[in-house]
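Heads up, the next two complexes both have chain A, just with different partners, chain B and then chain C.
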Partner chain A sequence: MTDVIRTHGLTKYYGAKRVVDSLNLRVERGQVYGFLGRNGAGKSTTIKMLMGMVQPDCGSIELLGEDVATMNPATRARIAYIAEGHPLYNWMTIDEAVRFTRAFYPLWNGTLVEQILDHFELSRKQKLRRLSNGQRAQVSLALAVAPEPELLVLDDPTLGLDTVVRRDFLESLIQIIHREGRTIFFSSHMLGDVERVADRIGIMVDGVLRVDCPTDHFRESVKKLVLEFTGPVPEGFSCQGLVNCWTVGSRLELVLVGYDDQQRAAVEALEPRNIEVVDLNLEEAFIEYTRGRRRSLPLFAEEPRDDQSASDQGAA
Partner chain B sequence: MIKALAIKELREALGLLALGVVGIAYMTLSLIGMAILPGSYAEKPYFPFAADAHALMQTVILGAFSLLLGFRQTAWELHNSTFCFILHRPLARRIVFVVKLAVGMMLVVLLNTLFVAVYGWWSATPATHPTPFFWSMTLPAWKTGFTMVLVYLGAFLSGLRPGNWFGSRLAPAAAGILAAGFASSIPWWWLSVVVWLSGIVVLLIGIFYYCQQRDF
Partner chain C sequence: MQFQCDTTSRTPIYRQLIEQVRSAVARGRLQPGERLPSVRQLSRELVVNPNTIARAYTELEREGTLITQPGRGVFVAEPRNDLTKRGRQRQLEERLEKLVVEAFHLGFTAEELLALINKRIEQFAFASPTKSEANS
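Presenting the complex of A and B:
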């Protein structure tokens, strides 16, 4: 399979802060790639660098086999980009936006635009400034897919959309994906959406691509273990693949990647009363993987009350 | 596609252009003695295109139009993130900016031409005023109008150029205004042309540098 997106050592600084750090990314033709990360992880900056909107400090980007820095217009015409917030010219009507965008492309599927506008019940006479966020997303999608692009890059396309509109939008996206050879690269905070459409995910953590694997593989790799102890909870547990570790009262909760016999042996060596292995969905796996160091929590019910709080309660 | 871009730029400038036309109309009416507001030149003998007040009004109205237009074409697009939409279209980035600049400069010159043509036509019509008139008397007005291109380009660059603080970001606009003031006030035509051309070249270099290098 050929790579539609390929970056090598892509790095970007904002001031002294490295927002994208030596990113090596490869997206194959026909893939639907979900690009995930918390706010400020570097997703939008990466997407803007892919699209040539932001200049990288070092590294290279190839889209459809061509360097982005010197990309010719004919190649750019094969790439669709929906920026975050669906920026469009508000003074235009939908019809004006369609006619304006069409002027730039040699290939334009007017029938598809009609179908999308009809599907979402959008009138061509409507002013863009009067559209809701969801409707703007739908117009953006229609404008993006009309030139029959081989690669669609979408920066958080479902941001700010309600559940129904989001579902509609994604279903349209899935229909478009079914067109042969089309590659979609999109960032999102909606893990459920990503789970539904993406066959591969990348997770950025503090500008570094920490995960790049099939969606199912990531979900199945991240496990949460709940260890219950009768005595005091042991401290300073460490083993290979440990992402996070914290205590909640008499329990020790661990998040592990690639739970295997070696890790099981390490956990059993702690001699817990009970070990529960919890399967996580993508959203839970993402949260556990990216939330960072968690502070251990006491069980609030078991907190000894001090005199002040006791007297307060008595007063109440 | 260039036509579509040019129409878009014209359409977006329409509001400002309408304001500019209203300003020019007010100034022209005032100069020909049909002032809506106080400050008319009616009944006062003066040589057309030679009154100080006309030069001031022309500078203020055209200058404000040029400044606002320059910012409208850049800072407004940045603010609305529409640069991400337009710069992804399949054409060279510099063409997008060439079209913007061509439309902007044309509108600045056009607005000045409208003023000179209407006021000149009135001045050339017999029995409208008691002083002689020759078309060569319009030269200072043309000069003022063309120097406003520097103000426009300065504002355009200010809107485009990233700056750590507001003052440094406005530096190109201030430079454009200073260069325009200098070019229009010096009495030697050759020097005015040199200053004007140098200013235009420097500002255009800045604009084309930032349009390629800045982050959108």
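Presenting the complex of A and C:
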């Protein structure tokens, strides 16, 4: 059993709106998975369902091989969760929060808590309500990793943090990654951070998981093409994997997913004077991909993984 | 040697690292036998997933720039060439062709191009002519 997170046909409606649509998610042990999407794409709802805080309308979830709906507390104690905005009991001091949280877990690495509090120069006597956003993030990280969780789930952990605190937070995350076998699942809008830490990304668009692949694979798959024409720019171009296209003066700009020989042939058939293929960084690739014409968004989640996953996905 | 990574660049992080190591070796800033930081060290330093560092190292090892000595670390490899002199020359000529075409269209004269190349060469740790003869 190497899958730490596994969902089958996970679906949630809010009223008539399907906010999460038949989600089949797989995250392997040891992976750092960046869960991306624009606001309202269904990320937080998915995370809340994973944590058992929102009841799915359809489908099931297994974490560490156990169904979330009937999970026993011992398994639950091997999972840590940092909610969006780092909610803490504001009337407690740091020390009280540490002792309070500790009572819920059989395993507790007190040295690690000390190290993190020390590293961030936080005193145990400080009241949580007096802390800055950055310090709250640091405290919730300390509380989350103290039970030595096998799975760490973070909902937009760097939201509202300044650049320096964000870098500190990422450094701590890297330290956690260094501990063997840890799995991290996090949502974020900071694509630079995602590129640094995530092995694999998933992108939700309108409740549907449209991308699920290694981080570099995604950015290498999305290309921008700039075609220049001497005569009029042709209209109504279409080919497989076309995400977006627009005309700028005598140029036609295309965004393509999975650029290959077939697409190249289709583009060359337009007989442009010049074709320039532009690589994109992760943020640019994400923007071009998610603002595209939604209905024709291509799925390219699949590239072979170690085991039977391909056939599995095919059946799904 | 100080590594850098830039997430706004259009070059993937692992590629940036590969290019930095290759350039440092060519310029003599990294010498054969010199030890590189471990994957974990560099990952912590650059705040980058260790798998990304490992990917760069693996690639550099595959092409023969680095060598891993189990239990000891990662080192800059002694220069070795799997290709024949002719094969290497063909590769170089292909790149040269592109460069010359580009220079022509940018409006440079042959003298200017040569001057630029000579100036750039000074920054690199090329072997002296006699030694290079002996090696090939």
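We adopt the following convention: the second predicted complex is superposed on the first by the 291 of 316 C-alpha atoms of A that agree within 3 Å, B and C clash if a C-alpha of one lies under 4 Å from a C-alpha of the other, contacts with A are read in each partner's own complex, and residues count from 1 in each chain.
In this text, contacts are C-beta pairs under 8 Å (C-beta built on N, C-alpha and C of every residue); 3 or more make two chains touch, one makes a residue touch a chain.
Just so we're clear, the structure is a prediction, and the values are computed from it rather than from any experiment.
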Which term applies to chain B and chain C once both are placed on chain A by superposition, clash or fit? fit
Return first, second, both or neither, reflecting whether A:Ile174 touches chain B, chain C, both chains, or no partner chain. second
Which holds for A:Gly85: it touches chain B only (first), chain C only (second), both, or neither? first
I'd like to know which partner A:Asp216 touches here: chain B for first, chain C for second, both or neither. second
Looking at A:Val197, would you say it contacts chain B, chain C, both, or neither? Reply first, second, both or neither. second
Have a look at where A:Gly236 lands relative to chain B and chain C in the superposition and call it first, second, both or neither. neither
Lowest inter-chain C-alpha distance for chain C and chain B in the superposed arrangement, angstrom: 28
In the complex, chain B touches chain A at residues 1, 3-4, 8, 11-12, 80-85, 87-92, 213-216
Given the complex, residues on chain A that touch chain C span 32, 167, 170-171, 174-175, 177-178, 191-193, 195-199, 216, 219-220, 278-284
Chain C contacts chain A in the complex at 5, 7-14, 40, 43-44, 46-52
Under the definition above, what is the set of chain A residues touching chain B in their complex? 48, 51-55, 73-74, 76-77, 79, 81, 83-85, 87-91, 99-101, 103-105
